[in-house]
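When the chains are written out, they are named A, B, C, D and E in that same order, and each has its own residue count from 1.
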Amino acid sequence: ETQGVSDSEIVIGAVTDLSGIFAAAGVPATKGANLYFDEINAEGGVHGRTIRYVVEDNGYQMPRAMQGYNKLLNRDKVFAMLMSLGTPMNVAGFKLLDPKGIPNVAPLSAARQMLQEPMDNKFTTTSSYYDQARIGVKYLSDQYGAQKVCTMYLPTDFGAEILEGTKAGAEEAGIAFVAETTHKPDETDFVGSLSKLREEGCDIVTIALGVRQAITVVGTAKKMGLEDMNFLGTFASFLTVVATVPGGVTDGFYAASSFQDLWARADEPAPKAFIEEYRAAYGEDPVGASMLGYSSAEMMVKALEAAGPDLTHEGFIAAMESLDYPEPLIGNHIRYGDGDHQGADTIFVNVVEDGKWKKIHEE
Amino acid sequence: MSLLTLENVTLRFGGLTAVDALSFAVEPGEVFAIVGPNGAGKSTVFNLISRFYDPVSGAIHLESEDLLAHKASDVANLGIARTFQNIELFEHATVLQNLLVGRHRHRRSTMLSELLFLPSVRRAEIENREKVEEIIDFLDLQPYRDKMIAGLPYGVRKVVEVARALATDPRLLLLDEPASGLSVEETSDMRWWIEDIRRQMGITVLMVEHDMGLVSGVSDRVLAMADGAKLALGTPSEVQSHPAVIEAYLGRAS
Amino acid sequence: MSAPILSVRNVESYYGPIMAIRGVSIDVAQGRIVTILGANGAGKTTLMKTISGVMDPEKGAITFEGDEIQGREPHKIVERGIVHVPEGREVFPLLTVEENLSLGAYTRHDKVQIERDRELVFSYFPILAERRMAEAGTLSGGQQQMLAIGRGLMAGPRLMLLDEPSLGLSPRLVQEIFDILARLNREQNMTIVLVEQNAAAALDLADDGYVMEVGRIVMSGSAQDIAASDDIQNFYLGVQEDGARENRRWKRRKTWR
Amino acid sequence: MDNLQLVISGLANGCVYGLIALGFVLIYKATEAVNFAQGDMMMLGAFVTIGLTNADHMGLPFWVAVPISLGLMAGFGVLLDRLLIRRMFGESQTSVVILTIALGFVIRFVAGLIWGHEPQTLQNPLAGRDIRFGGLVLGLEDVAVIVVTVLLTLSLYLFFARTKLGLAMQAASQNQLAAYYMGIPVKRVQGLIWGLAGMVACVAGILFAAKGAVDPNSGLLGIKAFAAAVIGGFGSLPGALAGGLIVGLIEPFASRYIAAGYSQIAPYALVLIVLIVRPHGLFSQIRLKKV
Amino acid sequence: MRIVFKTSYLQDIRPWKHGYQLSLYLILLALALAAPLLLDDFYLGELTNVLIWAIAGMGLMVLTGHTGQASLGHAAFLALGCYANIILLEQGLPFLLAFPLAGLITGILGVIIAIPALRMHGIYLAIATLALSVLMDDIIVLSEPLTGGVAGKFAPPVSVLGIEIDRWGTPRAFYWLVFAVTVIVTLGYINLLRSPLGRSFIAVRDSEVSAQAMGVHIARTKAMSFFLSCAITGLAGALMGLFAGAFNNETFSVVISILLLMMIVIGGLGSIHGAFLGAVVIGFLPQFLSISKEWVGALIGGNTVAIPGLETGVFGLILIVFVLFEPMGIYGRWLKIRTWFELFPFYRRDMFKRQKSYLKTERLR
């Protein structure tokens, strides 16, 4: 008797942000996942079991997250977690998932801690912020012969990881890391930090800020005439809205990520079908996070299918480790293995051109 | 030695001299009244004694103790209690609690012993309570004991203020217009209370009052002030017949 | 006696569960001065507040010049010409004396007349003119009381409710206040309802009087009649042998209790 | 030159804080209530304007959309007063604060529901136009922010100081009962001020969304603006602007000259320091009670 | 109507008014003791959570409800308590020593922080504490060697008198631990309120001028209030840390400070009951909404109810209704309901109709 599995139902849980500062990611991701699960359920579910996806809102606060975990584990008795958002919340969740062996799949956080020991029940779809920053920096330095790297970051685990990745990338590329600036989530003016970075002569600046802030930084730099400064974001800034800011404000902004932009590929079959389906279901346009949600749900279902009708945690983990398939929707290849719990390993470097993201490099 | 002495005390608010080189002394055991037109600086004198204001110059002594060397919150500890002209009670507390706050200067317990409510604290509480009950009996406040201040009529509040001041066990009691807002009947009660406070409790009283009936009824000496300075000082009848006092303060009928 | 300009019928008002006035009825005739006497907590203030609309009566009717006004928003009642000078001053502490006075004339628009009234108030209370730029909160108690009265006059009311106007004023000013009230009544035909602890002066000034006890009217009549009553003499006018200290705890029962 | 640039951008940014702070102070000055949802009202104003004017929404011309959204937000303020605030008449400040905090939750939720959670930028005729003198760059939006803020502060200041209604509002905040005794329609006056505050919030929102981007959580900026208002001495309109400017100016200089890790602390540390030195703000509104 | 004949002063000193009330509290106590036997892990966890919030609420209530000092920064003290406790535990101190020490340390730090704040009032104090709460995040990051910075810390399992206590491993033991702390803090609070110090808090809240004239030292009294408040909040923070198991600089955010203040206002400022009632609302309402989503889902037959974030929106709405309905807090409403029953059948329908009330400026001190 495995927790969360009955003859007719599998319960999957998530503790995500539907109302706080990261609702922009949490909400569409949840919608995307629901879309896929609804589809599967309409077709009769997995091995005759429908999927119930229970999503708890944490508002990006720890106490709420703990309540969410309490509910999911002790009341709903979930079989697995899918797309929980927030690094500290996920990490706190591990304390109780690990002893029960409950899998934590595809968290909406690209922190390296998502695969902390014991790793066997943890699976991420995406590469870490660390790797994204590292590879992005390496690429830009190769491309432009840049010499000096800097970072603007929020002093949080997210910022700290990108800072480290940037430093590692600089070291690998053999160039210097020269300056850093720290910020608060409610900061809206970056002239001061940019003039500092200008004085330090930065030619690559990695950004670990909120989405709104990233847009403002790039816009301000344009205004200040810092044409030689290349800005590099990660997964967290790789959003369609960043590309479509009116007036071409963000043109030339780079972002490293482990998936490809949805709207840049709106004509390709998989994204196209998804966009239509999503529109039909919700009456609004999907965004990157919706796509990730959909794709993660699909991955979950694939694993559940592979695990067979006798569903146990061991079986599920083995099934996850056996997954190996191209994922045309996110434009990456998902491959897990024994000891490899990161699904999509390829990292893309993209740049904004004419209001769209354009892939310029993959590694 | 006089109980309270003010020597050449001056206080200014901006350009306004509210108290102007004022000197007077209150003897132990007497009832000393201050009268004077509105804005003469009477309440300001009280506020100076309470150390709410620092005088520009001059000295204030309680016996030999230099009051100006003390902070406002120490004044009660020296044995001076007061009431306020405009009533300053703890609105969201009961009459009983208000009076018990009056006992605060007798607090001997520490925070820890109170958190544990040790027997010593309990004893002290009962003692406080007995003292407060005496005052409640004395001022006929029994019906209001557990009432919130916020719902009491003006006149009762005035009496509660006197009670709270008495609860501190003062040597010197400052009363700022104790009878204002009281009916004739209540004013005569107040008169007897003041007498008893002086006689039975041995407390010296310094009061500001506009009701000349009360003033001449209870006070031994009267100081008349105008524009912050001394106009006249003497027995009630002397002061009341002083022409300048009549002119500035009493008006025709007196 | 002419038809009443204000009449209060069986009014009951509560503070939460506490019934503060219990079925009070009074009549105030145009151009008269009516005084309401009563001990502490009798409900005089409550009655005034109920008339001026800052408290809602639970029962009963209040008519002013033929219209029912009970339970209306207070500013509507001011617009009709009733002004309440409250107990306890209630000035605007952070505004200057002058600003306080001009707010008194908030409902009026005749600039010239307002200016004239301001000068009149200053002539009644010269100290206010002297301190016109001072913040009202820094005035002495008595000065604030003058300001409250002056502010009430600025509204140019037809009916003025005065709640203990002599509170905290010097004896000389008390006389002046009563003179002023008499003059306003005589010259401007202003109707006045007066609550006073200084019963002698109030009865002397007033035409009619009411006596309240624990929320009820217990006596009414012309001011002279009331002043002549034994109980009033004893309890409100202090005409009583109170010299004998031994007797003081012995209180005569009021006949209406 | 560098520093001049910092000053100018700090001023422009400080003006946005000042504008939101102005909304706080406006309501406080007239009702002594603290509207914690002011930041969220700004966000709402920004979204309403975006909804009216952006091409992917209704696509009205900018100059048509602005007055409409000003009107809508004024109406929203009045509605809030009617539905909620008026029922709290005479209740303690704290309950009103809690009410508006909860209101903020609701506004954020509704905005997220209507406009989504992703940041959006206001399409406006000023966007992307710069003024340059020598090495100095000045966005036209920044100029607009500064001009509008200064004008608004000045006119509101004059309104409170010079007009009868302004005086009545101050009176109503100091003593509601006495204001009624004077015949001031206190509740109507409060409704008016909430409408005005809605409008000021909308102006702030428009300028904010023109300078950068808004999302439903942009309202949290209100906290910083609130701090700015308090620095100024809550209740003083010029104080609000001054507080906003101080916070706005400290930010670029801090990030320019203070080491990373510490620079982001500057605005809040400044708030603490100002309050330690002047416990009731620069233009203190707190008086010692005369007894 | 219950008429209590008072025959001794002790009757006013003891914490309950009459035997009936005492028996009610005893029943409540018994129920709370038996909770682990009656409830499943989920509800027990929620109850534990509510109790922790109630402790934090009492902490803030001392300061805001009884001393009148509004704080919008108490999450900072939760953080202090939490970190102090864990760091002491990591130093090898036994829990029974580390835990009270954590409270003490938080209290002392609270006083040190409060010293410059003693001259502030009302919103000025609220904003200063809010700034403090924002800064605490950075302070935790900057003192990384001590706090682990952004990576955060993990709470080790603790043992009390040989019993292993862990939020998830042994939820019952953990509940009893929290319950014991709740009882101790509550008793201390009750004692405080019936002794001179508690009265001086109330005096400072209602009138600083006359408190001073009664010999109450304002600054010292406020400082003591800060000490007690922060110490209690520190204890709650320590428990919260153990409850969460892992935490970092983002855990005790400003939002939590704001929620704490909301909690005590909605519960009812100025009463211990208010802290508990508020904790039930703020602590359990979101969870309740989340559960009721299932019922709604079952009703309309969907898998999930579509609107994300709806719970927070509804949560906000309900709080608004609470405040509108009863600005004096739930405890105020409870008192009215109780009076209604006690007076039955002599109540009037409009007895609790609010009489018009009017505010005066708080700009005068």
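The criterion applied here is as follows: contacts are C-beta pairs under 8 Å (C-beta built on N, C-alpha and C of every residue); 3 or more make two chains touch, one makes a residue touch a chain.
As the structure is a computational prediction, the values presented were derived from the model and not from experiment.
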{"item": "Fewest hops from subunit A to subunit C - one hop per pair of touching chains", "value": "2"}
{"item": "Chain pair showing more contacts of the two, B-D and A-E", "value": "A-E"}
{"item": "Most distant chain from subunit E by Cα centroid", "value": "C"}
{"item": "CA centroid of subunit B to CA centroid of subunit C, Å", "value": "28"}
{"item": "Distance from the mean Cα position of subunit E to that of subunit C, given in whole angstrom", "value": "47"}
{"item": "Centre distance in Å when subunit A and subunit D are each reduced to the mean of their C-alpha atoms", "value": "34"}
{"item": "For subunit B paired with subunit E, centre-to-centre distance based on mean C-alpha positions, whole Å", "value": "40"}
{"item": "Residues of subunit A touching at least two other chains", "value": "19-20, 23, 27, 155, 184"}
{"item": "Of all residues in subunit C, the ones touching two or more other chains", "value": "15, 54, 93-94, 137-139"}
{"item": "Subunit D, residues touching no fewer than two other chains", "value": "105, 108-109, 112, 174-175, 177, 180, 223, 261-262, 264, 285, 287, 289, 291"}
{"item": "Touching pairs - complete list by chain label", "value": "A-D, A-E, B-C, B-D, B-E, C-D, C-E, D-E"}
{"item": "Subunit A residues within the subunit E interface of the complex", "value": "18-20, 23, 26-27, 30-31, 34, 37-38, 41, 50, 52-57, 59-64, 66-68, 70-71, 74-75, 88, 91-92, 94-96, 99, 113, 155-157, 159-160, 184"}
{"item": "Residue numbers on subunit D that touch subunit B, as the complex places them", "value": "291"}
{"item": "Subunit A residues within the subunit D interface of the complex", "value": "19-21, 23-24, 27-28, 155, 179-193, 195-196, 199, 211-212, 215-216, 219-220, 223-225, 239, 241, 245-247, 249, 284, 287"}
{"item": "Footprint of subunit A on subunit D - complex, ascending", "value": "2, 5-6, 9-10, 13, 16, 105, 108-109, 112, 116-121, 123, 127-128, 130, 137, 139, 208, 211-218, 220-221, 223-224, 248, 251-257, 260-264, 267"}
{"item": "Residues of subunit C touching subunit B in the complex", "value": "15, 18, 38-41, 45, 87-89, 127, 138-143, 145-146, 164, 167-176, 197, 199, 235-238, 242, 245, 248"}
